[in-house]
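In what comes next, chain A is part of two complexes: it sits with chain B in the first one and with chain C in the second one.
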Partner chain A sequence: MKNKKWRLGVPRALFYYYYGPWWETFFQALGAEVVVSPPTSKEIMDLGVSLAVAEACLPVKVYYGHAAWLAGQVDALFVPRLVSVEKKSFICPKLMGLPDMLRAALKPCPPIIDTTVNLARQPEEGLAAAVQGMARALGVKGSRVDLAMAAAEARYHAWLAGQQQGDSMAAADCREEEPASGVYRSSSSQGKESRDALQIGVIGHGYLIYDQYLGMDIPGKVKRLGGKVILPENLTTLQVEKACRRLPKRLYWTLGRKIMGAALYLMEQENVAGLIHLTAFGCGPDSLVGDLAERYARRRGKPFLLLTLDEHTGEAGLNTRLEAFMDMLYRRRSA
Partner chain B sequence: MPTIYLGIDVGSVSTNIVALDEQGNVLSSVYLRTRGQPIRAIQEGLRQLVATIGTDISVAGVGTTGSGRSLAAVMVGADVIKNEITAHAVAASYAVPGVQTVLEIGGQDSKIIILRQGIVTDFAMNTVCAAGTGSFLDQQAARLGIPIEEFGRRALESRSPVRIAGRCAVFAESDMIHKQQQGHPLEDIIAGLCEALVRNYLNNVGKGKEILPPVVFQGGVAANAGMRQAFNRALGTEVIVPEHYGVMGALGAALLAREIRPKASAFRGFELTGREFRSGGFECQGCANHCEVVELREGRQVLARWGDRCGKWSNAVAV
Partner chain C sequence: MKVTFPHMGHLWLVLKAALEGIGLEVVVPPPCTRRTLELGVRHAPESACLPLKVNLGNFLEAKELGADTIVMAGGVGPCRIGYYAQVQREILRDIGCDYEMVVFEPPDVHFSEVWDKVKYLNRRPWQEGVRGVILAWQKACAVDSLEQELQQLRPREAKPGQADAVFQRALRELDAAGGRGEIKKIVKKAKSEMAKIPRHTSGPVLRVGIVGEIYTVLEPMVNLNIERRLGVLGVEVVRGLFLSRWINDNLFKGLLPLPGHHPEKTAPPFLNHFVGGHGWESVGDTVTFARHGCDGVIQLAPLTCMPEIVAHSVMPAVQEARGIPVMTIYLDEQTGEAGLQTRLEAFVDMLRWHKGRKAAQSF
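Moving on to the complex of A and B:
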């Protein structure tokens, strides 16, 4: 397929929310046409739930949905095998197996570019191998690869810097803020105690927080209830890593450490009123990290709300908990 | 003409209405089964309320709470719409000043609320499991052929409660059947079930919470003497069951309405019990989300719509 312009499908799910801009820029610079699936919708989620193995967590099921949505309209899917993205730390094993799981589930399945990314032992060599592997899959070699990588790195770092400055975040996927539905708007405008913005840390995996459908738009809901949201990606790597040093042992899940570090950093900040941890039902790493974060928060007297999402989650239950949490924080402050 | 404040709690299992006078005394309260028909339950509840206190009253404020609070608010015309946690905490503080822990077990959910100096400092609700809530007790009482009202009293007759797995309602049931087959007396099984439910509640909902006295136990399940005794034993302190334990959500909503003292209440009048309300739903085909939109109609007029993520339908109604 050397002389043809590739149509390369990139599912808008899981690590897209961490590396999407890098991938897009890189493949475009190599001459491919990158097709990113649309933001998660009920249709995509239903598709994923029907295809995925029952044991998978909801974000993985949603990934299936995005891949299936793309399958019929691209020449190949980009589903990297993410083992590790930094030294001595790892990505959840469910994500390592994605290419194989998709090949078994998608019928028909387009070719999958499943470059292994493993930086656990030798970060530089690992990264170089991954980049060369991705380029080779598209039949590109030599200096074009270096140029593409430079462009990808530049865009990626600019994007990261934007996130840290609290750039409406929402990664590559930032839709305009939607109007609240009539009913909840009326309920949240009730009880106008001194409703100056309370700073709320919302922690969790990026693919939950920034996926408005899957993650039920928790940051947006908190904003509508009068909160000012701080997300893990608004913090610098240094802040997160420094906070993590307080733990007796190093966490070896990359995302788990990021969540825990953000939690520890935020719970030390006087002006942060409370923390909300968003997690997916059945998430292995979160079952430990979440509990750890909650214990530390309790010791420091920082209010902590755990919200667990699964495919049956009704919005009403979530709204009740969020409203009650915000009420509690307002009443605490005015007391 | 006396002035009253109304609190309406529309829950999954029961719909409760409380009328307060200006001083905060409960004039009347109504407890009804929702039976999946919140509109009818609200109308019937108001009818019963009027039957006891008469129509020669002026409603100065209305508060709604519970999972059906939005529906109730639109239908009745509410001045405050509050979540159940806040409503229950407000009511518990009012009934037992200085309360530090509120245990609330309702039909399909259960919660724990921790207060310090009158302020909610922490809370939790049951997550994906309804084991140990009122519905399960109801179901087991029916299976054993005992009226739910007698269930608790029978538990008190037990001398050595059997151990039952309380983790999951399904397993608890198979455990109970097994114990019955072995020949354990009914009261020991019932008492064992109460202990299992309390254990499950404290381990799940109450996980890691600092439960300090005074402890208030409210919600429909607080009527059950077996559950009260099991809590007393497990916590090593006497739980307090307030007088209006079954309608605390509604009481809290009424207190909140009284707290804000609206200049003119949004209440739409008791005539609404005679009007025809209908709710209906449809799936919007506007985008890939296929939101399930619900609408409430009075006669031919659409009062409110909700359930759409984009606001296309809900904003189209002038509320």
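Moving on to the complex of A and C:
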């Protein structure tokens, strides 16, 4: 298989929004052609909803849709088994079973590269094993792998730094061949921003916030209502982790800590007017993390809006709730 | 200090023996009822999983009986159970229900912390505490062995309910039992009483394996007494999850050499990794039950239960490859008896038809 040029499908969903640039650079450096599914659309979502069990959360259903969209046109799908991406932390049980879930649902199902990523116990060894596993799946070994990894890391860290500064918000932004038309950019397109814009923290999983169709573009909506959006990715790891350290017990979910840390940090900032938590109906970790965040916010008197998405969520209803929330914040400020 | 703990099926009987063994005054929460569930649902986050809600109800009802300290287990992921106590503590605080919480976290980092907690709770010489734990373990094994007898008897007894009556009485007696000899006597007596119950058949009946999330499998209030319902429909229930196994896996960290689950051997290629909770076991046990000639499998899970959603998602592949029908039932506070009964009857009818056809084909 050594000389084969792989057409590798990468679903634009779930952790693509956290590691997309890394994966793409890595596989391209190994000589594969990477096909990323298009941004979520009604067609993709409907496809996913029809294939997944009804009880699954919407992000997982959308992932099914992206995988199914790619299935017929690639040699293999890249669906990593994401157990853990950092020490003593997990992501979500569903991501630990995702490759198997897809194999049972996609008919016919192309080969799935399901490299296990488990950094929970020994981060360095875990990462090395995952990288070797991904390369081995493409039949590549040796120094090319190290070079590819170095390139992937470089691109990834540049992208992360950009996120923190708030100039490039979505994973999609890193794909140069696709200009980020309509993709949310905070500083460049914060045209309406005036000195008295309300600062709003929007917290939630990246694959909800940055997927404009699935997540109904909450950051964009807040902006159009005159708010200035702060996202978890705009904060530094230190800010987030430091805020989390105040919890009586360490939170063992990577995304949960991001959300909780951002919430705790932002609710203490005088100039942040309120928090919006965007979540998927039936999300396990969020049901607890979000509830705690809301409790803490309530105790501090910081307004908190919970927006829950499923395939039946109507955009009109969501807009109404968002507008009411923003109105309330404006009234609060002038009072 | 009056300690209480969350309910899970017959676990109370075991925990009570252990905690009394170290000299604590124990308040067993009232048995789970609709009221327990409603109390929990009122105060818990809407999309939290069902065990968190019911357990919160247990704490509120135990408070009414004077409990002031909660003893429970924690966890370090990947699933929600490890964070239950944190959320429940904040809820109790917000509704002004004053409790001290002693949460036992897995001792992988801080074994000394576990030690400190036991020392903090302990009121007696160590030998007595150890004796209490052994007694508790013996009770767990006794409950399990009687329950297995009960599962075989239910579909065969002439008058439904007789075996359950014997079992319930034995539970009360086990609760009061103070030593190994007494426990043995109770088990022996109950088994001989069960043996005398008139049966309408001694031949083979439909056999259905129950798999799923442990709490929904072991707590009859939450699964609306599914095993009894199946028994009345003439189905013998088998399952891989029992109290003693859960205690061994979770509290003794698998120290005792029980015949264990081996999902790593049975679940692949359908599910190739641990997924938290009992998801991997659900798939592995389904494969095992198919191999042992069960007629069908019922998977139980709280609505939104992540590991079981994974298992549910791969079940079609298991069904297809192993030819065993699987029905998944999600449970929450909305689950009604009528709806559940209808689904069970339809499933059992289908299994019976299936079995009849298979038998006809083999002639």
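Basically, the second predicted complex is superposed on the first by the 310 of 335 C-alpha atoms of A that agree within 3 Å, B and C clash if a C-alpha of one lies under 4 Å from a C-alpha of the other, contacts with A are read in each partner's own complex, and residues count from 1 in each chain.
By definition in this document, contacts are C-beta pairs under 8 Å (C-beta built on N, C-alpha and C of every residue); 3 or more make two chains touch, one makes a residue touch a chain.
What you see is a predicted model, and the numbers here were worked out from it, not measured in a lab.
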First, second, both or neither for A:Thr320, with chain B first and chain C second: first
Contacts of A:Leu251 with chain B and chain C, given as first, second, both or neither: second
Chain B versus chain C as contact partner of A:Phe281, first or second or both or neither: both
Contacts of A:Arg300 with chain B and chain C, given as first, second, both or neither: neither
Partner chain(s) touched by A:Met328 [first = chain B, second = chain C, both, neither]: first
First (chain B), second (chain C), both or neither touched by A:Arg136: neither
Touched partner set for A:Lys5, first chain B, second chain C, both or neither: neither
Touching partner for A:Arg144 - first (chain B), second (chain C), both, neither: neither
Overlap of chain C and chain B interfaces on chain A (superposed complexes): 281, 295, 308
Touching residues (chain side chain C, partner chain A) in the complex: 45-49, 52, 74, 76-80, 82-87, 89-91, 94, 105, 270-277, 279, 303-307, 309-317, 328, 330
Residues of chain A that touch chain C when the two form their complex: 52-53, 55-57, 81, 83, 88-94, 96-97, 99-101, 103-105, 114, 116, 247-249, 251-253, 281-288, 290-292, 295, 308
Chain B contact footprint on chain A (complex, rising order): 38, 41-44, 178-184, 186-187, 190-191, 213, 281, 294-295, 298, 303, 308, 310, 312, 316-317, 319-321, 323-325, 327-328, 331-332, 335
Residues of chain B touching chain A in the complex: 67, 69-70, 73-74, 80-86, 117-123, 125, 127-128, 208, 256, 260, 287-291, 304-311, 314-315, 317, 319
